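The next part holds the structures, each set out as structure tokens.
Shared between the two complexes below is subunit A, which pairs with subunit B and subunit C, respectively.
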Partner chain A sequence: MSIDIKNLCYTYGENTLFEVAALKDITLSINDGEYVALIGHTGSGKTTLAQHFNGLLRANSGQIMVEGIDLSIKKADLMALRQRVGLVFQYPEYQLFEETVFKDIAFGPKNLGLSKEEITERVYSTMELVGLDKSEAERSPFELSGGQKRRAAIAGVLSMRPKVLVLDEPIAGLDPQGKEEILALIKSYHIQYNATIIIISHNMDDIARVADRVIALNQGTIALDGTPREVFSHYEELISMGLGLPTISKVVYELNKKGKNVPADIITSEQLFDYILRTAKR
Partner chain B sequence: MKDITLGQYYPIESPIHRLDPRVKILAAFLMIVLAFIAGTFIGYAIIAVLLALITITAHIPFVSLVRGMKSVLFLLLFTFILNTFFFTEGQPLFKWWIFSITGQGLLRAIFMALRLVLLVTAATMLTLTTSPIALTDGIEKLLKPLQKIGFPAHEIAMMMTIALRFIPTLMEETDRIMKAQAARGAVFDRGSLWRRAKAIIPLLIPLFVSAFRRADELAQAMEARCYHGGEGRTRLKVLKLGLNDAMAVLVLLLFTAFIIADKIYLVPLLPFLSGGI
Partner chain C sequence: MSILRVENVSYSYNQENQPFEALNDVSFQVEKGAFTCILGHNGSGKSTLAKLLNGLYTPTDGKVFVKDMDTSIEANLLDIRRSAGMVFQNPDNQMVATVVEEDVAFGPENLGVPSPEIRIRVDRALSDVGMSEYAHSAPHKLSGGQKQRIAIAGVLAMHPEIMILDEPTAMLDPKGRAEVMETVLRLNKEQGITIIHITHFMEEAIAADRIIVLSEAKIALEGKPREVFSQSERLKELSLSVPEITAFAQALNKAGYPVAENLLTIDELTEAICQLI
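And then the complex of A and B:
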């Protein structure tokens, strides 16, 4: 079990005027090597939940076990946790700070106290993984293009070789090609290191394509949890939560409204294509 | 960070919140001046009563005022101790080594502490009940006459508005960058002073980069909407003095009269109370 959460509650600004209950009684388990997508409307608690996975926020109540570390204990080993759980924030390129790309990617491994050789090896292999050319290593991260910056920043987290990789809207604000590149590098990290991936995104089409499991949060509670096919067939519920649907789901939804009888769990164009072929043959 | 009430706005509805910011700014100044004019416990009590009245009318919980006092506690203690030990006129009440405490010294220390408390409370009340935007609007209006001698009142007010508006944004940004770097194993709160100073670099550089980026974007957005300074600029909310403001001014003048009367008639009668200040 990669992550095991029982009855987690979290309130921002407890006992102040600005108290907001962000997470209410969350119970959730995520298996090793799962590719999970977290979806939810703005303010539904996705980012708050993500920050619990590596101890940046600590629950007010409830139990949380991440990669064998019990976070319910006040003195939990956060350093060991952060080595195992990598968190990529929204617009990660805004956290670049070093003089060179190499040094920036090396920041995490250095904090882990690794040897020089190990750090060098990790930086170059991570650069290769994210698709940055070796020649970029000595450039200033601020000179890179937008997409390259994003990849360099993600590399800064991947170089710590986390078993669990949490990404908060990693493809926001990128062009279609940049988006594909980021999704591809997440996929290759997922396969290469058998890592658990937790991705927060608003792009339902991409989620339908890449994730094994979708968890929908609504006002701090888990509203839906299942495979993309299961979750995205709950059209009305998703729409009432202020969420979108994958484009194909929308098509299927409209078709069914017109009296056609298309299975609701068709969510990608391939699946729809298959279905049409099969029904056409009959 | 959470305990800093000084300079924070308390967003609720109250008669005090609705007052014209100019009245509130001048009132705060007046109260600060009064705190220095007053020379008896009665005088301080009058100001305290006035501030308590304002606090109640503004629906501000007293707890938050006390909490705000925490941030100046050190200054308060420091002035108190300094005044107690280093004011050596008069008969000593207590003597030890080179230190001696005199009645007058003690009184002076108490007065000084009271003044500080009242001063901070008055300033805190101003910011608690006036939104930053209203505050800068008021300042701009009050400084307007100085424009005749070339003082850039509008520009200063605009700069203050922008600075105030970006405080929460930058705080949020700081929090996010701190978390992002902590996720990469950065440690901010442990180790020697040197290590901690060095640990700030991964926080400061991205913060500066983003502050400059934001400044640039804001400048362009303002330019795109034809901002060209204060000349001929009209306001969405025109400040207007109303009946409430007149009443507030009346109350203030009444209290001011009390304190001046107290100063003129009571202080000469009770030379000990004045503490020779």
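And then the complex of A and C:
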């Protein structure tokens, strides 16, 4: 088990006038190597929950175990936790800070106390993984293009080889190709290291394609949890939560409104294409 | 009548004494009341272009005219910025006051509009973006979509003829995105405000009158949405894509089904599939 949460509650500004209950009684297990998407409208608690996974926020009550570390204990080993759980924030390129791409990616492994050779090996293998050419290593990260900067910033987290990779809106603000590149590198890290992936995104078309499991948060609680096909079949429920749906789900919904009988768990282009192939009157 | 004219414009940034050319000999005109969408990969020059359109930058070469006013002439700038308002990507960076209505009043106050008139303009602008009931709220308590609508109201209160939006939906959730797009489209249709909308979401370009695609500092492609999005291979080369709906229609077409390649909306695709199954 990668993450095991029981009855977790978190309140911002507890015992003050500004008290806001952000997470209410969350119970949730995530298996090793799962690829999970967290969805929910702004303020639903997604980011708050993600920040519990690496101990940036500590629950007010309930139990939380992450990669074998019990975070319900006050003195939990956060150092060990953060080696196992990598968190990529929104717009991570704003956190690039070193003089060169190499130094920026080496920052984490250096703090792990790895040898010089090991660090060099890590940096180059991570650059390859995220699709940055070796020749970029000595450039300033600030000279890179938008998409490259994003990849360099993610490389800084991947170079720690986390078992759990949490990404908050990793594709926001990128052009379509940049977006595909980021999704591809997440996928290859997922496969190569059998890492658990937890991705927060508003882009339902992409989630429908890449995730094994979708968890929808609404007002601090888990509203839906299942495979993308199961979750996105709950069309009206998701709309009422202020969430978007995959484009293809919308098409299926409209088809059924017109009296067709298309299964509601068709959520991607490939699935709809197959369906038409099988049922079209030739 | 062209309300905006961009004539052979180039723009270079100075990076460590090495000039970097963000725009190279770009020319186009925008008609009054048109909705123009500007697409392009990261670093293609979109944001630079936006800043040239209301005189935040002046061209290294060439000229930009807003309502026939040359943006390189300092004395025109106040009138230009009154005519062409800008909305940026990050809603949090655009709030200047602690109460919504004061934030909206900031622009007209700086233009020297008399107080009673400001009151009228602020109320009207908030109503135009559907945010009247939040007039006395604190901006930081609003959602992203609401904040962007306040930013739009702030521009509206200056009575602009042109509104330039630089990726206004990039940081919003789907609901916020829909709110902003609906507001922008309505202002264009009902009040005839000329819109320049910069985005990475291909779907947002569907409703435009015209799309301009930038790549490597130049205009790479230009036309009505149906024309531009029918060129999926070319768009791919430009690091862009076609809307999911159009891609699906093209796949069906390729497989031999009688479906047009240039469908853009969910309704059009639904209609086409209904004929097949």
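Annotations for the structure displayed:
By definition in this document, the second predicted complex is superposed on the first by the 280 of 282 C-alpha atoms of A that agree within 3 Å, B and C clash if a C-alpha of one lies under 4 Å from a C-alpha of the other, contacts with A are read in each partner's own complex, and residues count from 1 in each chain.
Methods note: contacts are C-beta pairs under 8 Å (C-beta built on N, C-alpha and C of every residue); 3 or more make two chains touch, one makes a residue touch a chain.
This structure is a prediction, so every number in the text was calculated from the model and none was measured.
Within the superposed three-chain model, A:Gly156 lies in touch with subunit B and out of touch with subunit C [touch as defined at top]. Once the two complexes are overlaid on the shared chain, A:Lys250 sits against subunit C while remaining clear of subunit B. Touch criterion met: A:Pro92 reaches subunit B, while subunit C stays clear of it. Contact comparison for subunit A: of subunit B and subunit C, C touches the greater number of residues. In the superposition on chain A, contact of A:Ile215 is made with neither subunit B nor subunit C.
In the superposition on chain A, contact of A:Lys258 is made with subunit C only, not with subunit B. When the two complexes are overlaid on their common chain A, residue A:Pro176 makes contact with subunit C while staying clear of subunit B. Contact residues of subunit A toward subunit B in the complex are 13, 16-17, 51, 54, 56, 79, 82-83, 86-87, 89, 92, 94-98, 107-108, 111-112, 142, 156-157, 160. Here subunit C touches subunit A in the complex through residues 15, 40-43, 89, 143-145, 167, 170-176, 200, 202-203, 236, 239-241, 243-245, 247-248, 251-252, 255, 257, 266-267, 269-270, 273-274, 276-277, going by the rule given at the top. Here subunit A touches subunit C in the complex through residues 41-43, 143, 145-147, 172-178, 202, 204-205, 242-244, 247-248, 250-251, 254-255, 258, 260, 262, 269, 272-273, 275-277, 279-281, going by the rule given at the top.
Taken in their complex, subunit B has these residues touching subunit A: 2, 10, 173, 176-177, 179-187, 201-202, 205-206, 209-210.
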